[in-house]
Amino acid sequence: MTFIKLEGLTKRFGGLTAVDEVDFEIEQGKITAIIGPNGAGKSTFFNLISGFHQPTSGSITFEGKDITKTPPHIVARLGIARTFQTTHLFDTSSVIDNIIVGYRLRTKSKLFDAILRTKREKREEKEAFERAIEVLDFVGLANLADSPVSTISQESKKRVAIALALATGPKVIFLDEPAAGINPGETEGLAELMKKIVDSGITVCTIEHKMQMIMGLADNIMVLNHGAKIAQGTPEEIQNNPTVIEAYLGGESSAEVI
Amino acid sequence: MSKVLNKRNGIIAVLILSLLFPLAFSDNKYVLYIMTLAFIYIIAIYGMNILAGYTGQLSLAHAGFFAIGAYSVGVLTTKAGLNFWLALLLAVLITMGIGFALGIIALRTKEHFFAIYTLIAGYLIYLLIYKWEGLTGGVRGLIGIPIPNAIGPIEFSSSIAMYYLVLFFLLLSIFVTVRIVHSLTGRTYNAIRNSEELAQTLGINTKLNKLVSFVISVSFAGLAGGLYASLVRFIGPEIAGTTMVFTFLMYLIVGGIGTLTGPIIGTMLFVWLEQYLQSFQEHRMLIFGPILTLIVIFYPRGIVGAIQSLRGYFRTRKKESSKSYTTNSESTDMKSREV
Amino acid sequence: EDGEETKKDEGKAPVSTEGSKVEELTIGYTGPLSGPAAFYGEETLKGLRMAAEEINDSGGFEVDGQKYTINLATLDDKYLPNEAAANAKRLVQEQDTKFIYTPHSGGVYAMQVFNEMEDFIVMAYTSEPGVTETGNKMTVRIPPRYDRYIEPFTKYEMERFGKKIAFLPTATQYGKDWADSLRPVWEANGGEVVFDESIDFSKDTDFQTIMTNALAKNPDVLFIGGPSQPTALVLKQARDLGFEGGFIIMDQAKLDEIAAVLGGSYDLLEGVISTPPLVTSRYGGTEAFIEKYRSQNDKDPGSESGFHYISLYILVEAMKAAGTVDDTEKIMAAMDQGAKNLPENKEVYYIKGVDDDGGFLPLLRMAYIENGEIVQMGEEK
Amino acid sequence: MLKLSDVTIKFGGFEALKNINLEVHEGELVVLLGANGAGKSTLFKTISGLNKMTSGDIQFNGNSISGAAPDRIVKTGIVQCAEGKKLFSEMSVQENLMMGGFVHRRKKAQLKQSLEETYDLFPILKEKKDDAAGSLSGGQQQMLAIGRALMAKPKLIMLDEPSIGLAPLIVEQMFCVIQSINRNGTTVLLAEQNANAALKIASRGYVIENGILVLQGNSKELFNNDDIRKAYIGA
Amino acid sequence: MELLLQQLFNGLTLGSVYILVAIGLTLVFGILHVPNFAHGALYLIGGYLTLMAMKGLGVHYFVAIIISMISVALIAILMERLVFNPLRNAPAIHDKIAAIGMVLFFDALVSLIWGNDYQRMITPYGDSVTIFGIATSYQRILVIVVAVVVVILLQLFLKKTMIGASIIAMAQNREGAFLVGINANAVAMMTFAISGALAAIAASISSPINLVFPAMGHIVILKAFVVVIIGGMGSVPGAIIGGLILGITESLGATYISNDYKDMIAFLLLIIIMTVRPKGLFAKGVY
């Protein structure tokens, strides 16, 4: 059984085809990268999988189940987590409070548990808290637990966003340009983190423009252009694919340039 | 730790004060009446606070639901001859039922649209009450709503008894609010207030949560309305009006929206201020209006918010970092960057 | 006795040494003094103020050997019943008053919940018969009942214009009650109600739509009413749209005010029947009252002011007759006598007496416009 | 041309910029390097008049512009293409560009010509000229933002991380564009983290860390500086 | 048929007033993303100022309208400077409450200065006429004419001038507007001034038909919100279509359904529209 399987995935906005008949499979336990020029439809592609947009046509299968029309909160419960291109956090809360909410989907306490303060509520609160600390540790931010999100650095925010996604207990995590806007030193750290995530058994799928990072990291790369898949393969294959070079990487250049 | 003790002591002090209050004013029915009325408003405002303050959805149909609660009690007692307690229970259930139905549709809209949608929905409730004479008595209103039936030896014919009855429900409402706010459910609401989109990605069914929050919120309004009907014992359609909902909102904002004590402080302050300013008659609004505007401009988080940030300011000055993984640390001190 | 619950003013009543010491008697008032109905509230209050000032200027009044002046304690209730109730509690509590005026039925109903228990008389200015028919023993209803006008109004208009009537009164309870009383009488006299809706002056900004619809039914007579100024516009609208029939106007609107809004002449009002304006009444005290009101307010008084004015005199007379200022039961019982004792030079209106329910019984007076002139008819003193 | 002396900015208790001294001469392409949160955007906003200085002075062509309102500064010829683009997302691409020429709104002919020039620079914008700006992809929006800034015919254009989130191919193009803008006579002040590419086109550079200018020099020197290589080039 | 025509015309008159009020509201919403609950107060003051200029200064109706427009525009500017500008970064609920504070203030001020009674504004155009079998008055025709002229001028201003476009630009991105050299404060003030002036015109041309009284603002503002929502907040064309829809629905609803329930019909219409299109009929885009 394939882990995630996309067949003929298409999304149109009015006259514009943002994602065009994409067939693709994401392998479990690997790092998959999606690259492509701006406006190629990468973010849209994520939005489709995570249920934020309904595909115009095509299907999405996750662990054999059809999730094409599943709403985002259910998709998340099935084990698909994501981050956003522009870092998106609960800005007025502290880091730890952010992460605790991330675990909410694994808890069952309802309103009545809250009012009656049932055993379940107490147990789950403790569980959520412990889980949050654990995840924060994992991304290396345990020391920032109590800081308000609005006061931490850009890079920390990126990590919090990843931690938040991890707190949902996902099987696969989709990262939309995690390294955008952070400097090379920090980028390396982030790559490490991604490796660590995969090693812990969670599949990673990422959008990235930083070729140097991607080429060293990804097991498999898909290239989108004008919404259509123009190539897929290992980093080496992609780097040497003339179509990709022409559409994306640029004329004489190779990945090392930037 | 001493802070917790302080806080607890404060709560106990206020509680004792509210319990003893009628003894000090036992022969002043006016003061008791205003106080009881204020308590009823506070119950409704707690409901508003759960939805607007904690879940981030400003519903302006709240007075409409208050009226639905009041009219349910009114109609059920005067026309169907039901026992007050049964009527009150049914009133809350009816309010919740209508809230559920309205919530499903209204929550399709967001932000300002939700606010205005609910404003109009509230106005429709008002119009409905106003026009449906057969049931509601139309503009004339409902006359002769009975006092609550005695429970065993406890009778509710005196002002003091009504005071305690309402106080009981107020404490119950506060208790429920506190429990919700400090729970996983409360965190969920908070998350939705912060960002619905993100909450969704985290597997939170935002639609359902908002709906539940809405229904809980209106149930407070329904309860308050039912109590109002039995206190004033005469109700007219104006309790569903927009003035009423803006009054609630004003009390909430000035007290501090999204805080636990805000509804009490805002309501108490304004209810008594209005009584005090009565001597200025119609010109009081010349003072009152600008005061309101100024408070909103200079103390956007209300009185409670102002006190909190003042305290937060002193606290951070004393100790740089106190590691307590508390929820909702509402301190707003910005930009303490680690280097 | 319930009366024991509120403080009795032993301390307040000093041994009266031959009227040398004058006491203050507080009369409460709660009404709309702000918001949309404030104009109405102020008019009612003006009548009370004028009477109170006169009484005080003349040194007060004497009951059972003790002299009293009147202190008017006024509170604003924005026309809201619950605020009226709160104000009443406050007036009773802080001013220790036994009499509270209010000019709206909602306030009256809200006070009737507890006025017997807390021992104060509601001085209700509402022609809504319901307020005294519910059996409350401590309510005085000041203005005349509207239902007495209905028969003569119907007869006049039917004879002059025809049998088809369109209803467009104001959408208040009062307007609806009027309509409900008028309908059966009109039909019993062989007429037909061809259009039956109401105008909401607090929500509508333009009456042309409804008027068009009403006139599409070709009525001979229109039944309209509400506050004078908008009523005048409704009337004008009807004329603008070519209506040439007659009007029955509810007693709330005043013919003179309507005429004033429409430019001063009664031409557009041809065929109207309504209650006569205060300014055209001629009783013992009318002229002096009008004079005084004009000098203070630069305009003509309306009936609200006039009725409030005499009602305070009647209340004082009732207290005198009862020989007490705080035994409410006795004062209620003496109300009829109070009306009868009203000095002639204070008679802005003539009140025959007070009925058993506490309703004033004024003379039934009507006015209609014929050839641009006001013609009066009805009971004579 | 532009001269900052001892510019300091505080947000509450936090000093975002400390005694910044910086100069840009006419015709230069100067790069400002710095990590996240170093203060690049803050500096730009200050020059543009969007932030209030705590102390210090900014001069442009010999005149102090400290404390001037943002629209005045645009009129004097300093235009910024800000981080986050700040486009008018519901207006069309063309309308956005026209708004860029707001300060020259009286000179209709000049505006028309600028528009053509901008379209020549970014043909994709011409293709999408009637689309709403918000519907463009990230890269297209960045081009639009630069185009809009150029419409104001700036003497000095400040570009705040124009390469952020762009595809490598586009980044390359972007730097070419910047270079050509500079060659056409517009002075450029460029904030970047991508030191490698930036230094290739720049004549001089400054390095900012935690609100302090720690290093300056011509691009060769900076490029060969070990610390810089480590921190910003990652080689 | 004649009735239908007559009622369509009535609806058009109603709609014209709604449009003028709603456009001001929608423009301000566009700029500040705040529904200005105090807009009704501007309308109220506009009505009284015109009346007072006519009565007190004895000037011609049109001169009075101009005086009123200018004064209300100034008041609106003050409102922006003193209240809405400081609240720019506050949570959305706050503006509503601050606006209510102002409504309370202005209501009290109006009744203090001018009293609480209904007043009539008599203009030279009160005479009735019959055109194509429709009975009407010159004043009603004036209402429609003024609305059409104002709407056209405003559209030209917004679409054809850069200054006008700067209003739209600022509505979409305040900081972006700064960056291209738009003086954002000036634009905000200008928008409020326009909005105030429109409220003043609306009040001045409709008062002769109705009356001038302290509650006149409350009635109109709720309807204006309905219009703005039907049309999509921030959309000027939306406000125009919304105003027509509401005005005509009201007059036809009163004719063919029930006068008593005509308000309910209007509000239900809104509820239905928003249920189907949660951002109104003409809300743009997906952002």
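Here the chain labels run A, B, C, D and E in written order, and each chain numbers its own residues starting at 1.
We take it that a contact is a pair of C-beta atoms (placed from the backbone, for glycine too) under 8 Å apart; a residue touches a chain by one contact, two chains touch by 3 or more.
Heads up on the chains, UniProt names are A, D = ABC transporter ATP-binding protein; B, E = Branched-chain amino acid ABC transporter permease.
As the structure is a prediction and not an experimental result, all values here were calculated from the model.
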Among the chains, which one keeps its Cα centre farthest from the Cα centre of chain B? D
Of A-B and D-E, the pair joined by more C-beta contact pairs is A-B
For chain C versus chain D, what separation do you get between their C-alpha means, in angstrom? 75
Mean-CA-position distance for chain D and chain B (Å): 50
Would you kindly tell me how far, in whole Å, the mean C-alpha position of chain D lies from that of chain A? 31
For chain E, jot down the residues that touch at least 2 other chains. 107-108, 111, 260, 263
Shared-contact residues (touching 2 or more other chains) in chain A: 13, 153
Using the touch rule from the top of the page, what residues of chain D touch 2 or more other chains? 37, 135
Contacts from chain A onto chain B in the complex sit at residues 50, 52, 71-74, 76-77, 81-82, 84, 88-94, 96-97, 100-102, 104-105, 107, 109-111, 113-117, 121, 124-125, 128-129, 143-148, 150-153, 164-165, 167-168
In the complex, go through chain E and note every residue touching chain B. 29, 33-35, 83, 86-87, 90-94, 96-98, 100-109, 111-112, 222, 225-226, 229, 233, 260-261, 263-264, 267-268, 270-271, 274-275, 278-280
Residues on chain D engaged by chain E in the complex (per definition of touch): 48-50, 69-71, 74-75, 79-82, 85-91, 95, 98-103, 105, 132, 134-135, 148-149, 151-152
Touching residues (chain side chain B, partner chain A) in the complex: 176, 179-180, 183-188, 190-191, 194-195, 197-206, 212, 216, 321, 323-325, 327-329, 331-332, 334-338
Mind pulling up the chain B residues that touch chain C in the complex? 27-31, 33-34, 37, 133, 138-141, 143-144, 228, 232-236, 238-239, 275, 278, 281-282, 284-285
